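Each of the two complexes below includes chain A, the first together with chain B, the second together with chain C.
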Partner chain A sequence: MTARPTQLDAHFAAEVMERPGGKHLLTCMACGTCASVCLVRRFYPSFNPRRVLHQASLGMREAVLSSPEIWLCSACDACYPRCPQEIHISEVMGALRDLAIEAGYEAPGPFPVVDSAVCSGCAVCARVCPYEAMAPARDEADPTRQTAHVDHTRCLHCGLCVAACPSGAISLEETNDQEILARVTADGWMEQRGLLSGGTQPRCLAFVCQWSIRSDAAWERAQRFGDQVRLVPLPCSGRVEPAMVLWALSRGVDAVLVVGCDDDECHYQRGTYIGRSKVYLLSEMLATMGYQQERVRFARQASADRYGLERHVQEMLATITTLTAPIAVTVD
Partner chain B sequence: MEKLKLAVYWASSCGGCDIALVELGEHLLELAQLADIVFWPCATDGKYSDVEAMEDGSIDLTLFNGAIRTDHDRHLAELLRAKSRLLVAFGSCATEGCIPSLSNIRGAAYALQRASIDNLTSDNPDGIVPCAEYVVPEGKLSLPALESRVHTLQQIVPVDYSIPGCPPHHDQVWRAISQIIAGELPARGATIGADPRTVCDQCPRTRTGRIHVSRFLRVHEGEPAPDTCLLEQGYLCAGPATRAGCGALCIGANMPCRGCYGPPEGVADQGAALLGAVTAGLEAKSDGEIRAALESIADPVGTFYRFSLAASILHTLGSDGEGPNQSCVASQEDRP
Partner chain C sequence: MVDAARHPNITILANTEVEHVDGFIGNFSVNLITKPRYVIADRCNGCGACAQACPIEVPNPFELNIAPRKAIDVPHGQAVPLVYAVDMDHCIHCYKCVTACGKLDAIDFAQQPQETNIEVGTIVVATGFSSFDPSVIPEYGYGRYPNVITAMELERLANSAGPTVGRLVRPSDGQPPQSMAIIQCVGSRDKRYNEYCSGFCCMYAIKNAILLKQMHHAMDITIFYIDIRTPSKGYEEFYTRAREAGIRFFQGRPSLVSEDPDTGNLIIEAEDQALGGVVEVEAEMVCLSAAAIPQPDADDLAAKLTLARSPSGFFMEYHPKLRPVDAPTDGVYLAGAAQGPKDIPASVAQGSAAASRAARVLSQDTWEIEPIVAEVDPALCISAQGKKCGICARACPYGAIVVEQGQPATIFTAKCHGCGGCAAECPHNAIQQKHFTDAQILAQIKTLLQDRPEEKILAFMCNWCSYGGADMAGISHFTYPATSRGIRVMCCARTDDKFVLEAFRRGAGMVLVSGCHPQDCHYITGQQVGARRFERLRTTLERMGIDPARYRVEWISAAEGEKYARVITEMDAVLASYDPAEVVRQNRQAAAQIARRLKKWNEDPRLVHIFEDLPLVEEVVE
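So, the complex of A and B:
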């Protein structure tokens, strides 16, 4: 994009800097460290925080405010501790979004959709949302009730609310149970036999936070296990559905592995902690039931650990082969 | 109009479901006008042989409460299924397994041992565990033998409708019975006698959705504020994952919901749904903090699946444990 002087707004940078979070805009020296560590770029290669900041500082008001890129930053703050100028880029992005909203622009979404006939207004989605994008409020159709409302200006479509909703009232494109289930069962994978169902090879279902794997190469290396492992990407390990884990085990899958970000590296701030707490609780409950709790595991994938995914899968498969079959009972 | 033939039966239950029927109060008089009670062991005189002598399908409606724990429960479930046009699973035990099915966690042998011998309040110096058959000089005495697992009614015989609750609230019971009598019924297999959505829909407390907790509390560990969401105060409340219908009774008494109305419509596993709802409000930023928070949940299976274990997916992963050793025949000579 070429910037012509007539399209430039000389006051724009000052306007951004007056906003909460925007004051370090002009501190940027365009080194590009942020772009090199940014997780968003694996899925949106065009995203470049440095360029957004640069455009804003030049006064390219319309270009910046209309850009879908300002909505892509999830405030994971992977760049913040690495920025030599100590710019809190996610806060600058926040300031830009504020201005965009005021100028009438909307975030591109997708956004969760609440079925208000099913929603009870329990506020579970509001508690799990890392961005305060969900809140219980008076229902439009029935003012005597409270239902969940989605703030499109805050939502970053992580899917945590979809997983947390105990009524199944929230749907989100690409992230619904049916879509995740379709990835699990594709090509008849659930019908293949693992050690627990009379086969000779272990069979492991792995839900993997898409952001925790930093490169396509790491993802591809983990494909070498073939049908022994079904890798299912999730937008966040916190999106893991406890009922789906139990269902997979009840259908004879040997183990369920959940791979999520390491401490302080979660793309969605608290998602990894939510994911872990679900897996730890599930594992404890399986032990109570006399089922081998080793069959459910959460693996922390550190950002610098390029061979992590492969290793986590390998370790899970090794664990499976050391376990004897539990006496599982199918209840009619 | 010919009067309906009504039967009520209790299998493995506490008797609370029968009380829920008695609580119909003056509606019982209306019910007596509309229906003849042909069998109700708790309230009327009757013999199993009377039921066995009935023609198949001759009972219009059977309200069956209690889980299936013994071979006798199973026999009555099969018998009443054959004799009834409509078989309704009545209450949490029949629909979801309820408290009795928590014994499936450790199995029937453990339950017998625990109840007969290990309990602190058991005074049983000879260590006697009940036997299915016992020989005395006058003949042989028998007890219904425990099955290895507690089942829901639906897991034994096909069920037409379910009325949830431990016990079902009497207003809901009357509504369901009126629905049945009027023939205004949803498709077979549906849940009746409940409201749409979850307990939170009927709970008057304020929920902000902005409060997180770093540990959970049990009811004896504090005095909850009366106006704000119990989960946001750290109390493990099953409301978000529990079908509405009770009118949020426990909440009104400043007690968290325990989950007795089972999972909401379309949710297969109440415990898994509740687990997701509870962890949603957790404030913890390391494994250590998560573990510490989760440790404050005493007995997760018993808490999350208190009423619905037998009907859950988790239950299918449990082992049978040791079966009950009840095939034994004991006699007085065996006594030490």
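So, the complex of A and C:
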């Protein structure tokens, strides 16, 4: 894109700075720390917070507000504590989104879809949503009922609501149960035998928050265990479903590892806490059932810990080999 | 250094600390404490037999603790004077050194700290800088990953007189690295640590890179930078040479350094601006160009010498352009990185300049000072009457005033710089600043507000900053309303709150009090002395019924002509929004209270001619 001074909006930067969170816009010296620490870029290589900030400071109003990039930042704030100019970039992005919404732009999505015929209006999704994007409201088809509604200006498609919905009324493309299960079972992985089912080597299923992994290289390193481990990316560790964990254990998988972001680094504000509590409750439940709770574990993965995933998997595999066969668990 | 030690007019007092400094330009009295070496300097010939005999090895701070030294040793090989010293924190008193010293009999365990006093005419402060500790930046892993080192450590590792005899090796495995990444701006240009640019790191990083490339042609060297700054003679050419030598430059500040647990290699992640994308570089060693920071004991020395410090913590010069090597205290001069980050050529230049400034004083029998000093009227000073006061002494940024109960306050004229803060602070009008007396300033207020005062903005401006700012507004042809009338004082500390009250009593529409920004004050802490008073005045005015919107305090630097024009324009708009009758009513209503507060002035025989046109206090009160 070409930036012609005549097309630049001299007031745009001031407008952003007037917004809550936008005031440090002009102190950016373009060092690129944010761009290189940002975990979004692994999935959206074009995303560059530095460029967005620079465009905004130059006054490229249309380019910034129409850009899908301003909707990609999920406010994990990996950049904020590292920025030498102490710019709270996620807040600047928030200010830009506000301006974009006012200018009539819409967030690109994908957004969760509520099947209003199935939704019971229980509002569990509203409680779990970190962005207050879910709220029960009068159903359009049947005004006597309340059903969940998605606020597209707030939703950052983390999928927590999908996992939380007790009725299974919410779906979100690429993170539906079927798609996750397909990743687990791909290439006949579930048919192979682990230690529990008479095999010779341990078999571990790992649900991994996609944002907690720094680079593809880190992912590849964790793959060196071959078929002993099946890595399944999730949009957030909070997306993990206890039923899926139990299903895997009942089918002879030796252990299930859930890897989520470290404290204060969650891409979806509190998704990692939700994931962690799910796994904790599940392991307690297994213990009361007389099952070895070591077989379900949550591992915290700091964004700066490049080799963390590999280590977590290795530790889990080592744990499995020390365990003797438990009583069987069957789940319908 | 050796030349200096041999010079007949130079005495080196090593191992010695300044304890206390008294006096003034040309007549300083300095108390020194020489710490014991436990070695008699006159007898030690520097042979080193004692160190060889010593069985104790401790980390050597000169080698940044990479190498050991003995519990009796010299600070470093080229130390001047070459006298060994015992490190009492580690000595086990085996006395093997005494035996080794033999007939020279230079070792004396009974030595005590020695206090000495010297009389000097001038003082040059050249205490240098310290290096930022990068371990507080977790993302670079210094202190966690052995192969992440600082530039100072690289200097030692690459030095032929260093611990590895110039053979660069990795701390993790002792192997020579095949690749090196250098990260710039570590702890500098960073609001979390030091906001300023350290200035010389770009050049030494390039120097180190070229040096390493010359020693190891195959070495892969990458420099990560935000901006390369090469603003001196020949520097840019040097940078070009580095690029031509095959040194790789990435414009981007790394966000993370991670260690490969298997190899000990480091992966650096940064965004390169030209590529517009992220680069990941694997290097066997990482060198951090850590910020230059003020010496940790700078505060201590600043207190002893009444030095000011810049916001960055380095010692502040008297004037950044016109007196760059003078300290705010007359007769004290600054040289080198103690005054701000500096490379060697600049430090040498400043050292020569400081010596010349000092020689200027030393070569004369008498020294002229500015005539604007303050003086005490002993008859009015209540300290002379045995009462407790000392307000003036507390206000003086130079420690020029001494107050002893029962004696009038004494001002050391040679130490006084003429800010006038004491004159304004004295509650008994016992201090006058020459050429800025109460009578002179009150006469100006009277004259400037003689005609239609309710339409005027009376502005008090400090000589160095806000008066310069007003001047700048004029020479830059900034337009602002013609309603302002200025009164110049040396420092805003001289602006007595009673001047503001007097202005309102004489009917002023608005009053502006202005001075330097806190960090720019030419009288060290003068601005703060004034600022405290001006803040209190706001509530006083409110109590008296004068709208605080008619009184404004602004810090305006000499470069901020635009700000001066803007402030006056804004104040004029406020004044224009007022009904002139309301201004007059507020001023009249406050007149009686003001008159009571100015009673001492009204009764002062030196000021009779100023107040003769005003009604007597009693009349106003009625």
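Just so it is clear, the second predicted complex is superposed on the first by the 327 of 332 C-alpha atoms of A that agree within 3 Å, B and C clash if a C-alpha of one lies under 4 Å from a C-alpha of the other, contacts with A are read in each partner's own complex, and residues count from 1 in each chain.
Convention: contacts are C-beta pairs under 8 Å (C-beta built on N, C-alpha and C of every residue); 3 or more make two chains touch, one makes a residue touch a chain.
Everything numeric in this text was worked out from a predicted model, so none of it was measured.
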Chain B versus chain C, judged by how many residues of chain A each one touches = B
Ask   = Just chain B (first), just chain C (second), both, or neither: which does A:Gly121 touch?
value = first
Task = Applying the touch criterion given at the start, work out whether A:Arg41 contacts chain B, chain C, both or neither, answering first, second, both or neither.
result = second
Inquiry  = By the touch definition at the top of the document, which applies to A:Arg19: first (chain B), second (chain C), both, or neither?
reply    = neither
Query = Between chain B (first) and chain C (second), which, if any, makes contact with A:Arg230: first, second, both or neither?
reply = neither
Ask   = Residues of chain C touching chain A in their complex?
value = 138-139, 185, 189-192, 226-227, 251-256, 258, 260-261, 267, 269-273, 276-280
Remark   = In their shared complex, chain C is touched by residues of chain A numbered 29-37, 41, 45, 48, 50-51, 79, 82, 84-86, 214-215, 217, 304-307
Ask   = Tell me, which parts of chain A touch chain B in their complex?
value = 117-129, 132, 134-136, 145-146, 160, 163-168, 241-243, 246-247, 249-250, 263-264, 270, 273-274, 276-278, 280-282, 284-286, 288-291, 300, 326-332
Task = Would you mind writing out the residues of chain B in touch with chain A in their complex?
result = 105-106, 149, 151, 155, 196-201, 207-212, 229, 231-232, 239-241, 244, 264-269, 271-277, 279-282, 284-287, 290-291, 293-294, 297, 299-301, 304, 310, 312-321
